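First chain written, first letter: the chains are A, B, C, D, E and F, and each begins at residue 1.
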Amino acid sequence: METVIVTDVPRADRAVVEEFSGIGAATVGEALGRSGDLGSDLRPIQQGTRIAGSAVTVLSWPGDNLMIHAAIEQCGPGDILVVATRSPSEQGMFGELFATSLQQRGVVGAIIGAGVRDTQELRDMSFPVWARHINVMGTVKNTPGAVNVPVILGGQAIDPGDILVCDDDGIVVVPRLEADDALAKSRARLAKEEATRTAFLGGELGLDRYGMRPRLQEMGVTYRRHPEAG
Amino acid sequence: METVIVTDVPRADRAVVEEFSGIGAATVGEALGRSGDLGSDLRPIQQGTRIAGSAVTVLSWPGDNLMIHAAIEQCGPGDILVVATRSPSEQGMFGELFATSLQQRGVVGAIIGAGVRDTQELRDMSFPVWARHINVMGTVKNTPGAVNVPVILGGQAIDPGDILVCDDDGIVVVPRLEADDALAKSRARLAKEEATRTAFLGGELGLDRYGMRPRLQEMGVTYRRHPEAG
Amino acid sequence: METVIVTDVPRADRAVVEEFSGIGAATVGEALGRSGDLGSDLRPIQQGTRIAGSAVTVLSWPGDNLMIHAAIEQCGPGDILVVATRSPSEQGMFGELFATSLQQRGVVGAIIGAGVRDTQELRDMSFPVWARHINVMGTVKNTPGAVNVPVILGGQAIDPGDILVCDDDGIVVVPRLEADDALAKSRARLAKEEATRTAFLGGELGLDRYGMRPRLQEMGVTYRRHPEAG
Amino acid sequence: METVIVTDVPRADRAVVEEFSGIGAATVGEALGRSGDLGSDLRPIQQGTRIAGSAVTVLSWPGDNLMIHAAIEQCGPGDILVVATRSPSEQGMFGELFATSLQQRGVVGAIIGAGVRDTQELRDMSFPVWARHINVMGTVKNTPGAVNVPVILGGQAIDPGDILVCDDDGIVVVPRLEADDALAKSRARLAKEEATRTAFLGGELGLDRYGMRPRLQEMGVTYRRHPEAG
Amino acid sequence: METVIVTDVPRADRAVVEEFSGIGAATVGEALGRSGDLGSDLRPIQQGTRIAGSAVTVLSWPGDNLMIHAAIEQCGPGDILVVATRSPSEQGMFGELFATSLQQRGVVGAIIGAGVRDTQELRDMSFPVWARHINVMGTVKNTPGAVNVPVILGGQAIDPGDILVCDDDGIVVVPRLEADDALAKSRARLAKEEATRTAFLGGELGLDRYGMRPRLQEMGVTYRRHPEAG
Amino acid sequence: METVIVTDVPRADRAVVEEFSGIGAATVGEALGRSGDLGSDLRPIQQGTRIAGSAVTVLSWPGDNLMIHAAIEQCGPGDILVVATRSPSEQGMFGELFATSLQQRGVVGAIIGAGVRDTQELRDMSFPVWARHINVMGTVKNTPGAVNVPVILGGQAIDPGDILVCDDDGIVVVPRLEADDALAKSRARLAKEEATRTAFLGGELGLDRYGMRPRLQEMGVTYRRHPEAG
């Protein structure tokens, strides 16, 4: 495992990042062609919060939060701390004291690919966290790792500086260099969803709106009345 | 996999179905002789909501929500959409746009044996959903399946038109043709629970109320003071 | 499996137990040298509640709540009911009626190493529960077990009379005879955390506060500017 | 839970059942239109064994094997014992002594939707078993259930008398009344697979054999040389 | 976490321990009144091996095998190395080199509550191992733990010197001080099983041998011919 | 999801790749600084086989093996087919017919991040496979994906042309461009392990060989005789 702390990571334009926070992870994921999602295991400890930020990544040894300390110095306004461990771990490697430091630096949230604790305190201080586990048990600070190297989390490769869009549904990663394009596609997707919503509210069916009736027929789907129907 | 859409499914009497919604899944399951529960994996995305409705069933290919579009047309007031997939899937195959269509038709909720997304929007619009996973990632519409055929979900066979009773504890299925009998038994169970509650509030013990002391003795259960007791 | 009900279990001093309830599981676990936690599987059914109490333990056969009835008589003010099963079970073996009895006796909560049901009612009556599963399905009362014997739950040995500290992060067990020492250490840990919080709010970094910079260097951790940095 | 033992269950023709044992679960499942599989959780305790037989079904309380005793009397030559539990259980509810009784009656194997034990003895006596868990721990005999009622196992409904085809890949259920049709389709599938095998051995590609090249193009799949290609 | 290495642990009589190795885990577990099993997660990496030995226990930090090195010096002929980690870990903390040292000292096997690697080499050298995971990835040696303290593994408390009986079905722990009694009960159980086997081979049913017919009737179990029976 | 098939992927030198096959995954992973492992979920369907090969990667839609057909044409001697799915899937997307095509082209094995079937036939034809699940149920061919794009599998990024070292312990990925360096380090590691093995066979302890005694002391690890020691 490499033991390096990378500094001066470029971030995407702040205004671009912030616009993602108003859109939502599912819409951005669709706009990206159904990609970038971190799966269903990383769950929010709060409800109703939607954020976007630039990744400061940490690669930690399981049961060891030494490198989170090293990472905090690399975090700034608009960032999200992203912690991956070298193998699965459930221990509570992030809590209220780290969040205090991060919030003081303008960091908007954290994604912990292991366990989090102090969950009530984190909700009370409005510091949002997504994590795999909630766990009382803490960690040691004995084994080195890396900060701001590419990490794999939730089946996605995340580079430092990539944009993370997080809400109650989960997390989507947008590569930093594709941010502008992804934002344009996300806006288009939002508009399309709004039009569909209006149509559905008016009673139009997806079957008709998307022209699915002939396709169902081609696929051999047939209609049949229930045997007990009157 | 059969590829058919069954129409004109008979439902149980609307008043009967609605009365179940006031009773709760655990009580109905007990009244049915401890049967009909869909296990502990299908969790509500909201808290404090209790519904009952008639099943419109969907059998979908994993990662594909084509048949949900076809099913919506078969849904009406008082129904619950029930989606099973042919093999386990975590993808978010149901979200706010489907819920918009369903709510417009009077559907009271959905049970998704895979993933759901747009969870905050669904809570905001008061459309209750029970699901196995919450997942940003969406689906394609390429593979046919079936609507209103019998499905297996949570270890239970569900026929279209069966009644589903859903709350924070989970889900119980009541076969359509047993609805009246199940309702009578559920009312009786409710009354029994109320009497027990009153007795327990008054300090009576289950040990005495259910005559368990002699049974414990027969089973060889003995009493012993703690060695450190004064 | 032994079939005995142990009576007259000694408890720790009530004032000591209650002071733990104001401290929180993570802090107590740290104070104990990172030990005593029951892992990440036992989750609260409510949010924002912190309790501590003396364990009344139950060892039940899976799918059978007979011994919980026998245990209630052994419970008193300030106790927490702790239920372990002889092998993994998801069934809902605890619910509102048991909670009614327990609350009437002054019991402050329950920890169920299987399933719980009536979760909305339990929240409504402010009886806090931690459990592995939420499950509609109930149990029988056919197989004996034991009350107030040592049990293993969440990878910890719990003796009757031990203190359990429970909150949103999970559960920590404090051995009864170590209660005073654990409380002193927990108070010290609280004070240390408060000082760290103040330092972090003032912008001090953990790297500096804990003297980590030289240790990182010794471990071979190096700093490197990002290749795209200006 | 119903408490009944159904006797005199009709079986499919013995010769038909036995022919399935030479075909294999995957081929039969494909022939049935990709249906009938019991998923990936029920694993064989032996390797290289392929059987088919008629289901004698058992619905047991978790941790209780009383009804298996009752079921043995209903088993005869060519049968497979199929045990489902009312909720998930890992306990070893089946072992060598049951297998001795069953083998004495001509039963060809067992499918246990919970735990099995005596696995080495079962392999030594050539009695094949598929199970969810391997577990030392045994069961009690205190709670009634049912024999030869429809059960749900591995996401499939199994009626008594249905045919089960079991091998290293898993299990497929063939409804008794569809046995002849399923056998004809399975034979056809076998022949098709044999022809494909010969073609593939000769170097033909699936892309060409199944006419996939134009379909890939229609779907927008493009070819691109690797940037480092010579 | 305590950081101590306990030396000179008393073992049970060697002849007693060795006799358990001929009996098998399931039989010993039954003889102990269905207790002592370590559940279904610790699986053997080999097939057909049955051992018994005295526990040398290790409590390790996850992802760290430092204390295994310290434990080897405490191991001698007839011992089994038992490794628990402070929180769940999948890393391969035990392999062929450790086994070489242990085998050189007469140790008969190892139980690893985390991951093992070099599985083919371990089979080749006939050093049996039971483990939760098989995993290529190794560990560091940075964090202290304990040797020969009581550990919890597989839901059981294991004291150093306790006897472990391990085979293809799993593992049972026999407390050191109960060894003689457990052996006597195990022999009696073996004899009982042999008599039952002979009876079953002769066609006697458990229903009759255990007098279950009247009990089934009392429980309300009824017999009914299948509706399609001739 | 990108829909492209990349051709003419460069491979590492064939002799280098083949030498890895004699070394073993755990040793290569250690040599790489404890990195590159694909975790504990991808298990071999055979025992005692060790291979290494160059990755031909496939990114498939869950439940759909269309792109495996497209990938076969891109495979040649010494390659390993590596299949990732866009979200978790248990379906059997690879079996004997694909293996027949691949073996005919000189491919040495397959890694399937979903389900495999025809496992007995695959063992009989000596085509080794590592997979997450074994599952009877097959797939459709309706949804496009990609061939020879970077994929994430088992928490590792795999580029087409990377080297995979696979055995009973699991899988390690060696980046193509680091192959020579990794091989040199692996040879050195092998030599070091051989020397350690000789020392351990001679009775030397790791405690002494690695100079751990003073480190344990520094960490505060103490020795204590067992209270019952003579």
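We take it that a contact is a pair of C-beta atoms (placed from the backbone, for glycine too) under 8 Å apart; a residue touches a chain by one contact, two chains touch by 3 or more.
On a predicted model such as this, the values are computed, not experimentally measured, just so you know.
Chains making contact with subunit B as well as with subunit D: C, F. The minimum number of touch steps separating subunit B from subunit E is 2. Homomeric contact subunit B/subunit C: same residue numbering on both sides for under half of the interface positions. Computed from the mean C-alpha positions, the centre of subunit B lies at a distance of 42 Å from the centre of subunit F. Centres computed as Cα averages put subunit E at a distance of 30 Å from subunit F.
The set of subunit D residues touching two or more other chains comprises 34, 39, 86-88, 90, 135, 137, 140. Chain pairs recorded as touching, per the definition above, are A-B, A-C, A-E, A-F, B-C, B-D, B-F, C-D, C-E, D-E, D-F, E-F.
For subunit E in complex with subunit D, the touching residues are 24-26, 29-30, 34, 37-40, 43, 47-48, 50, 167-172, 193, 196-197, 200-201, 203, 205-207, 210, 212, 216, 219-226, 228-230.
Touching subunit B in their complex are the following residues of subunit C: 3-10, 66, 69-70, 72-73, 90, 92, 95-98, 100-101, 104, 115, 117-120, 133-138, 140-141, 143-144, 148, 160-161. Of all residues in subunit C, those touching subunit E in their complex are 1-2, 33-35, 39, 86-88, 150, 152, 155-157.
The touching residues of subunit A, when paired with subunit E in their complex, are 61-64, 86-91, 135, 137, 140, 142-143.
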